[in-house]
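Notes follow the structure.
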Amino acid sequence: MAHVKEHVDVEFENPLLVEGLPGVGLVGKIAADHLVDEFDMDLYATVHCESLAPVAVYHDGERDVQPPVRIYAAPDADLLVLQSDVPVNAEAVREFADCFTAWLSGRDVTAVYLSGMAAKKGDSPPAMHGVGTGEGGARLEELGVDLPSESGVISGPTGALVNRAAEEGLDSVALVVESDPQFPDPEASRVLIEHGISPLVDVEVSVEDLVEHAEDIREKKEQLAAKMQQAKDEETSQAQPLRMYQ
Amino acid sequence: MAHVKEHVDVEFENPLLVEGLPGVGLVGKIAADHLVDEFDMDLYATVHCESLAPVAVYHDGERDVQPPVRIYAAPDADLLVLQSDVPVNAEAVREFADCFTAWLSGRDVTAVYLSGMAAKKGDSPPAMHGVGTGEGGARLEELGVDLPSESGVISGPTGALVNRAAEEGLDSVALVVESDPQFPDPEASRVLIEHGISPLVDVEVSVEDLVEHAEDIREKKEQLAAKMQQAKDEETSQAQPLRMYQ
Amino acid sequence: MAHVKEHVDVEFENPLLVEGLPGVGLVGKIAADHLVDEFDMDLYATVHCESLAPVAVYHDGERDVQPPVRIYAAPDADLLVLQSDVPVNAEAVREFADCFTAWLSGRDVTAVYLSGMAAKKGDSPPAMHGVGTGEGGARLEELGVDLPSESGVISGPTGALVNRAAEEGLDSVALVVESDPQFPDPEASRVLIEHGISPLVDVEVSVEDLVEHAEDIREKKEQLAAKMQQAKDEETSQAQPLRMYQ
Amino acid sequence: MAHVKEHVDVEFENPLLVEGLPGVGLVGKIAADHLVDEFDMDLYATVHCESLAPVAVYHDGERDVQPPVRIYAAPDADLLVLQSDVPVNAEAVREFADCFTAWLSGRDVTAVYLSGMAAKKGDSPPAMHGVGTGEGGARLEELGVDLPSESGVISGPTGALVNRAAEEGLDSVALVVESDPQFPDPEASRVLIEHGISPLVDVEVSVEDLVEHAEDIREKKEQLAAKMQQAKDEETSQAQPLRMYQ
Amino acid sequence: MAHVKEHVDVEFENPLLVEGLPGVGLVGKIAADHLVDEFDMDLYATVHCESLAPVAVYHDGERDVQPPVRIYAAPDADLLVLQSDVPVNAEAVREFADCFTAWLSGRDVTAVYLSGMAAKKGDSPPAMHGVGTGEGGARLEELGVDLPSESGVISGPTGALVNRAAEEGLDSVALVVESDPQFPDPEASRVLIEHGISPLVDVEVSVEDLVEHAEDIREKKEQLAAKMQQAKDEETSQAQPLRMYQ
């Protein structure tokens, strides 16, 4: 029953799909939301895996109500973004990875997985390194993305997705950036976009917004994270405002 | 095994089905019970999903004992109402949504999902907005129902039903009304009926009762909510009075 | 695998089956045990549902060891009794209802479900009312059994059995009697037999024993209830005396 | 997948199988271990049910490592013994009973189930009574084994095995002996052998060892019981000495 | 879905596979990591069982990200090593044993299982004994490996693997070494290699490194064990440094 449902017909060549699930520092979510805005992307598909909370999301001033995990498309940039309004249930990350990878593996899509790595803030910008599966590593090599300077493990839903990509030999890259361990970190997201996603998509992506409104984004995403957690835990039917920044 | 069982043959055109599961402020339950009374509706079907407590309900002065979740019909008004005497098990909302939507999706029925949104009581009546899936949104647009003024998420069994409707592209609407966060809120139910259900059904529905006996309803529904919770948790076979208002 | 196993061949016409599972006041169990004694009934079948504790029961001075839930038969009175030495696991009442009703529904048997309803002891004997499914209600109507004087819900394994009977449209009756909320209540069982079961079976059933040895029965059933609970919770293989009254 | 695996070909007529799972007083385990020694029995089969801890057992001075639940054979005495080095998981006794009885029921084997019943030590030796399923009761009758003097219930894995034997109508006997409720009770095992197993096998079995080294056995079995419990709970891979008496 | 995936084609004769799952003293993990280094082994296969944490591991200075449990090969030495960066979920050891043994049993591979046995450190080096299944015991006999001096049980994932090997009659050996009960114990790993693995592989394996850098290894493995546990428990997507010694 779990599956990805495409709602419109869109043509791609060898698109990148940037994964933006909530994780440490919300680095992936902030980057993914930013891309959807900057590229003015359209809804392409919705994701219906058992491990995702069966809730319905609506947006300020819009009439349509939607599932919480969606894929947006910018066909001109050959780009897809996985956007999520809810966290993946921790005990079911394997199911999510199976469900989503089953859709990915039948398509000529290179996934770009994004992960934060908790680190103290210093004077220099957050460091980023990249690893890959299949031909993903070679692609990072060409672009000169840093190699990891010490061994590490990626866990959670993103770790499960990379694990599956490695198992299936799919082409994918995983970008790991130093991040604030507790709070949303727009600067880390900026690094992911400038030094990872932008070169991979081969399009200049403006990050002005992330820099200028960093404090604002941080606050709003923090509220969002609290609400997401709450919505997931609610037993009673009810609507709750999300007050999300988008 | 989970299914909806129709007990009588009734002819409909393109009926509305008003969902009245217990949720915040019991706004859906109060509205649904009111509609069953006002339209003098007859039992049409009973709902047998795994996620519903397997209890038996009887009513004052009536000989028949029934399952706790039932669909009532008013064929003249082309109207169906989903009435529930028990809450849906929180951990099984997905199963309920699958089970009930499987029945809905094969029929030309437009579901009207009802949800409260916790808000402080003010001087003005509770605000209501509506969102939709499939052609549901357009229908609200024609009737001039308010758009959401901020983003939000619908959770619980009702959220799961809307989620499924969005996935399947079914025509449905979800009406969200501000509600007392803790106590049954007949005034919020009145707003749902006057500004949402009445225009959708295109029949004037009297809400006098909800206005005049608001305090009475509030008290009785509160007792009911307590009993419902208790009946669900009981391990030992026993009968318990419900003291419900209907 | 779950099923009812018939051990002997017995001919019935349209038998009643009196359900005697442990519940509030043990009203069903006391009534069922009394019927087995009074009619000198023989073992007819054993019940093997997943939700029943897999223990083995033996009786004082008898050589055969048996499963804990059994059906006894009195073919001359066209009567069956469901007798249980263990409670049904609360979290699995649905499975029990499915398992047992699967056997019932293929036979021309009218089930008589028995439930206590907690009430304070007064001067008058406990009140009893009856509700039904299928043709069961009409049968009670003919016999003049009281209607419920307020709405209520039957929960636990007995509630699940009635729920299933309502779903399937089987002929059944449910007799609800006021009962001591905490202790075994032989007087409530007497009311069930005198005003409900006796008229339904259309045979005078002596209840002298229940009246004369009420205190004795109460004490012994209380010991039994404690033992039943303990046996269900035991992890280690062992035998335990039941000290049951039969 | 669950099954019993026979490792050698042995011919039997209508063998007895003595069950020696750990239970109250370890009465079955002590008796079974004693029989394996006295008859100098050989490994015949290993038992692989889901409910058994998947651990590996090795013995002092022996090279082969084995599963923890095994069947030993003495073809000359037409005798099998079920020996276990681990307890059965309490929540899975039904699975064990299904798994083991599936093997039993296809063979012409009469099972002898052994159970302790907690009782205070008195001056006279522990009392024992026997009950049966199928033709098992008649066999006990011929041998003059005592009938139960009060009703009782056998629970745990042994109770589940007897329950299944009753359901399937298999020939089996269950011997119940008074036992120390907390500590290993070699005297109770002696009574089982002398007054139950020995007459059933129709061979004189020396119990001298159980009498002379009772204190020694009690201590060693107590250590074993502690170790068994610990091994079952261990999460980390490791080896642990069993210091068992055999 | 659970399976072992071979990534390259390698020819073997009758290879040994040394199992290096984390357990008491990390004796197996330290030995396995050492063998991978000493023989300069190449990645041969990755292990994808349900019971393994679905995380992704990357190594200092390397571009490829990998599943956490992998098989390395040294075809010249006819040797395979099972290396793991994560512990096996304790409640799913049976699944792991089934999953991995399904791969083993179809190949002509002799598994060498490694287990620590908690013991106080003394003046003499840790004692080691060996037991086997199938022809494994005979092989140890030829090499003069010590027999167990008291009975014992191997539990955890390694115990489950040995249990399955015994059930299936596969050729395997289990080496049990005395180990520090709480801390990583490189000396115990040295004993496993010198007195067990080296004779079995019939190749001299240098253990200098394990002796000279024992303290260093102990510390680094301790950090690793802490990290492994943490990564397994993390619910949020994130990357974490492993700081592993390899």
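First chain written, first letter: the chains are A, B, C, D and E, and each begins at residue 1.
Simple rule for what comes next: a residue touches a chain if its C-beta (ideal position, glycine included) is under 8 Å from a C-beta of that chain, and two chains touch if they have at least 3 such contacts.
All values derive from a computational prediction rather than experimental measurement.
Chemist: Treat touching chains as neighbours and tell me the shortest step distance from subunit B to subunit C.
Modeler: 1
Chemist: Could you name all chains that are in contact with subunit C and with subunit D at the same time?
Modeler: none
Chemist: Subunit B to subunit D: how many Å between their CA centres?
Modeler: Those two chain centres are 58 Å apart.
Chemist: Roughly how far is subunit D from subunit E, going centre to centre by Cα mean, in whole Å?
Modeler: Averaging C-alpha atoms per chain gives centres 36 Å apart.
Chemist: What parts of subunit A, by residue number, touch at least two of the other chains?
Modeler: In subunit A, no residue touches two or more other chains.
Chemist: Once you've mapped the touching chain pairs, tell me: line, ring, star, complete or other?
Modeler: ring
Chemist: Would you mind writing out the residues of subunit E in touch with subunit D in their complex?
Modeler: Result: residues 21-24, 28, 87, 90, 93-94, 97-98, 115-118, 131-133, 137-138, 140-141, 147-160, 162-164, 166-167, 169, 174, 176 of subunit E touch subunit D.
Chemist: Going by the contact rule at the top, pick out the subunit C residues touching subunit D in the complex.
Modeler: Its residues touching subunit D are 1, 5, 7, 46, 48, 50, 53-68, 85-86, 227, 231-232, 234-244, 246.
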